[in-house]
Amino acid sequence: MDKLKLRQICFLFAAVLPVSKLIIYPSTLSYYAKNDLLLAAAVNFLLEGGVIALVLLLARRTQCTLFELLSNTFGKTAAKAVYLLLAAFLFFSALLPVLEHKTFVTQVLYENVPSLLSFAPFFAVSCFACVKGLKTIGRIADVALPLFCLAFTVLLLLALPQADFGALLPVGAAGGRGIFNGSLFGLPWFTECLYPLLLLGHFRYEKGGTWKTLLSFAAGAGAVLLFLAVFYGIFEDLSVLTQYPLAHIAKYTTVFTTLGRVDLFFVFAMTLLAVFCLCTPLQLCMHCVRTVFPNLQPVLPAAALNAAMLALTIVFHYSFNAVQTFYMIYAAPIVFAFCYLLPALALLLRKTPRKKEVPHE
Amino acid sequence: MLLGVKQAEKTFGTALRQNVAAIKAILPAEDVLCYAFRTADGAACAAVYADGITDKELLGALAAKPLSLAAAPKTREEAKKLLYFPELRDADSAEDAAAEILAGNPALLIDGIAGAIVLGTKKIAVRAVAEPQTAITVKGPREGFIEDIKTNMGLVRRRLKTPALRLDTVEVGKYSKTNVSVVYLAGITREKIVREVKARIGAVQIDGVPDSSYIAQFLAKKPYSLFKQVGTTEKPDIFCAKLLEGRVGVLVDGSPIALTLPYMLAEDFQSAQDYFVSPYRATLSRLLRLAAVLIALFLPAFYVAAQLFKLQLLPFALLMTISGGIQGIPLSPSLELFFLLAVLEILIEASIRMPKYVALALSVIGALVLGDTAVKAGLVSSPAIIIVALSGIAAYTVPDLTGTLSVVRLAYVVAAGSIGTYGILLLTALILYYLLSSDGYGAPLLAPFSPLIRRDWKDSLLKADIYALRSRPAVLRGKNKTRLKIRNREEDAHG
Amino acid sequence: MNKVWTWIFLLAAGALTLLFFSNDFGLIDIQKTAVVAAIGIDVSEEEPDKWSVTAQIAVPDASAAKASNVSIPAAETVGAGIAEVNRKTGWYPTLVHCRLILLGDGVAEEDVFRVLGYFLRSEFVEDSCLVAVCEGRAQEALAAASPIGELTATAIAKVLSSEAQKTGLVCVTDLRTFAKGYYSPAKSGYLPYLSLKKEAENENGQAAGGGKEEGKGTGGAQGEDVFDASRTMLFYEGKRAAVLDAAETLAFNLAEASTDLAFGQVETKQNGETTVYGLKMKITGKKRSLALQEGVPVCTFRIRANAQIADENGRAALEEIAKKAIVPEEVLRAAEETFANKLRAVLAKTAESGCDLFGLEQALRRGFPKEYDAHKETLLRDMLPVFDIRFSTLH
């Protein structure tokens, strides 16, 4: 049964998905938006929040899945085609975070450059998660919330004494162009607003569900914005240099203590959450594939999906910067179409099946 | 059907000799004896019984003696009036009589009367009800289940004197004919679970059931799983408490370990004593157990990963200490710890199976010879021994999980030694995904944490006060939710 | 169990076990690693356009860590020097526990980021380590022996600790803070200026902290040494711009840094006699604010402190010692004047050297972005300082 609770979707937005924006996104954003990085990120969050609100509006009106809505409107074949496109989008949208995660892991969790073999087992875990279906997305979110709260709070508390929030002044120094570029090039990190659309029909809408979800999303967004503020407050002009702030923001407080780098254990906790976060789009991709091919054994598409991702990871092993640049420059229209336009248009889909037409005699 | 006897279905006649012969044909074993005697007027009688499991004294005093002093009865009903047994049954066929004889109840045959009278004089050597070694409490009941299912049923019945207590017994085992009793409280336990448990037990066709662990494997949804799927307890107080929560219990004849279903991982962090001490102490104890489990699992793995891949994890002073300790050790850090964990497991295995009087010598050998001398000989380092010892001790804070923890700990060390800290994280993710997707009898293994059931937190890793435990665990979804009502509590509080 | 999963698990377990037992997938474990506790960098004596790199390696010992210094006399870059350490010793040097980067004062004559850049580039090198300039050569400073027999790097790190900063004796900087200043528009920063003072010869005439030299040995110090970091070197565009003496360092710490308990000396003249008081000062408030008054930048230094007499150079009566918590009014005023004068001197040095020690340019940029361009070049010279310093005592 691939059923989730609305609560679990709330937790997903509050505790799992924000982690993807704490790895390389802050330094990328600070490159474009400089001290106005909060404004640039806030624009993206507002857009995402708007789309999520629209999807929840749809969830309030119907218990149908997106596939059923598409089938009602365009027929099964068209619905299958859209789902295959969505699967492809989710697959490729996961590539950049996977590569990002790989470089993060190899740089932060090791003291020498490890081989790709060290990262490859991730795909085994992801494959397992894909087989287990949508239910685990929700259940992982339940586990993730306390872990995120603990790890994030400790890291921020350790980092706060080093932060000079004056670094964010003067507001608007980067100019409209800087903020716009920050938002535009940050789009590959803001694809999560598509997820509720794919979860449609797999959760029961509750009273006040829209507000609960939006508040949770706001909490997650708030956590990211706070992190960005602390990050820029600590590193200021060096923020562009600091590729993996998650691993660095707390170290200045702990490094000279007798316990040493205890912050690393909380960084590990966040890395674990990042694993869950990365598995989510792949699980949704798998869900799309299984919706199109319901008779397929789940192991086969899951293995194929992850093998393909592993192959791409090997191909782009040394080309993370090129992939990142490509995504930031060219992916924006595709992200916009799938993550922002599609959920908005979904409101127009038929909620009830078409009546079978009586053939004319 | 008993061992290939064709005339098994044959009903008894009135001739004693033929009836005895029919039983002996089914039970030719030497330990099945025939005690022949006569009534006062000379009618021949015989009691066929299995030696060793029948109370012969009782048989003589309460069956043979009154019959030998009276005239021969004409019917079984007349005969029963002469006997002083509370437990008398009729057996109309030789097969029925044979089955009873094997259970320890002799079959009384009287010449001229068709059929046999089964006398309830079963006498099986059972050990006394004692405190189980695996669940010792400082405060609280000390009774434990024993191997006799009747005694165990009595222990349960003594605690739950209600007509709602149901003990539905079935025989499992083609040859062992083991009694397996499904125990539950009607109206409290979800019927669907009872039906499913009964159906699973009923579907079992096996030669014998030596222990309840066999049944546990049939009841598990994933019998190949490394993790427990069925709750176990040796204490009737815990068993009854679980029944009262809405769980189904299973008692198996010949096993002192009772099973409970559905099972959740959080149960293993609870101890009987938690309910007899203050909730603060109980909560602290449970959190300590969780911390100990985390230490048992992760400490050796992080120790290996830190040395191989991430020296930064070790504070400078500790790094120097470890670095000094491992100088000249011929094994790599990962192999050193793997070797020590293997030694720990061997020591544990040996000390469990070894006679008690040898165990002390083993401790000396383990601690001094293998530990101290190995360090002095430069085979292993002192920090590694400390890490393994701490991990080993920590695992025993949750005795029900020790076996699982040993295997998982070894897996963690292999993951850490192969791919470092990330290996530990990935294995954790994998285990979490596995546990999260494991449901048994409608209850998720990680409930009430995932899925989150806030109401059930009151008695999970946390322990609320008794007044807060008003309702049964929501995860069990029983009809009757209330387990505590306090009358006039407000008045008491203010009065 | 599903057969596919059985095979997947068996294969995964097999692969992991292979990795585990082969234990050689490019990893460099603790047994092959040299833990570098400090790095010293000097201008090479042999080839002045190259660097001399000294790595202080912490060697575990039964009682405590001992130092083993490995020097590379001439390396093109710091990275090359560290790689040379690997080649020379066969040990892989790890810098994750490097607590100190010590620069010889020759390095500070040119842009120090020619050598510090290495530490900013790699994820495997921490930018949280302390940075200091030492009088003379860093190689010699690292070969010094600590009087309590600990690692030289540890002894220096203690002198540069945050506790020392809190007492106002030292201006402590880590690499990140220093780099932030360098890459900011002000291009300014400061480093503690360390000097080595020969304290005493020990009985064996050997350095207690090890100081075993490899590579180009310079002969380690023969006595026990103490380190003094009460001076501060100011940098502009990565080059040495000026040096603050101990009193100026204290004044700067009182005004700007995270100093909350300081000791300072104040001279007063009464009846023609000069008395020197040692004051213990608890800083209760400090604020530095920049304002534009009629187009002129005005910087106000507001310091509030409670003072106690810790010592004085003359003989004091028993009653006066008993009233140590009460500082005479004239001493308080003298103290205010002394620190104002010292701050003035510091500001003069910053104006002269171009080193924006107080981060005024940053304050201007943040607070007055529109006026920033007009004032950024002349800010340090045109700025009018206002000192609002009040020392109080118990009455």
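Here the chain labels run A, B and C in written order, and each chain numbers its own residues starting at 1.
Criterion: contacts are C-beta pairs under 8 Å (C-beta built on N, C-alpha and C of every residue); 3 or more make two chains touch, one makes a residue touch a chain.
Worth saying up front: this structure is predicted, and the values here are computed from it rather than measured.
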**Report entry** Any chain in contact with chain A as well as chain C
**Finding:** B
Report task. By CA centroids, point me to the most central chain in this structure. Result -> A
Query raised in the report: What is the chain whose Cα centre is as far as it gets from that of chain B?
Result: C
Report summary line: The larger set of C-beta contacts, choosing between A-B and B-C, lies at A-B
Query raised in the report: In angstrom, rounded to a whole number, how far apart do the mean CA points of chain A and chain C lie?
Result: 41
Report task. Between chain B and chain C, tell me the centre distance in angstrom, where each centre is the average of that chain's C-alpha atoms. Result -> 65
Report summary line: CA centroids of chain A and chain B: separation to the nearest Å works out as 46
Report task. Find every residue in chain A that makes contact with two or more other chains and list them. Result -> 111-112, 114, 117-118, 121, 124
Query raised in the report: Counting only residues that touch at least 2 other chains, which ones in chain C make the list?
Result: 16, 19, 25, 27, 94, 96, 99
Requested in this report: Enumerate the residues of chain B that touch no fewer than two other chains.
Outcome: 309, 311-312, 316-317, 419-420, 423
Report task. Show which residues of chain B lie in contact with chain C when the two form their complex. Result -> 222, 224, 307-309, 311-312, 316-317, 319-327, 329, 332-335, 338, 414-415, 417-420, 423
Report task. Using the touch rule from the top, collect the residues of chain C that touch chain B in their complex. Result -> 1, 16-17, 19-21, 23, 25, 27, 29-31, 33, 35, 37, 58, 60-62, 64-65, 94, 96-97, 99
Query raised in the report: Across the complex, what residues on chain A touch chain B?
Result: 5, 7-8, 105, 109-112, 114, 117-119, 121-122, 124-125, 128-129, 132-133, 135-136, 138-140, 142-143, 257-261, 264, 268, 271-272, 275-276, 279
Report task. Sort out for me which residues of chain B touch chain A in the complex. Result -> 309-318, 419-426, 428-430, 432-434, 436-437, 444, 446, 449-452
Report summary line: The residues of chain C that touch chain A in their complex are 2, 4-5, 8, 12, 16, 19, 25-28, 92, 94, 96, 99, 120, 123-124, 126, 128, 157, 161-162, 174, 176, 179-180, 183-184, 362, 365-367, 369
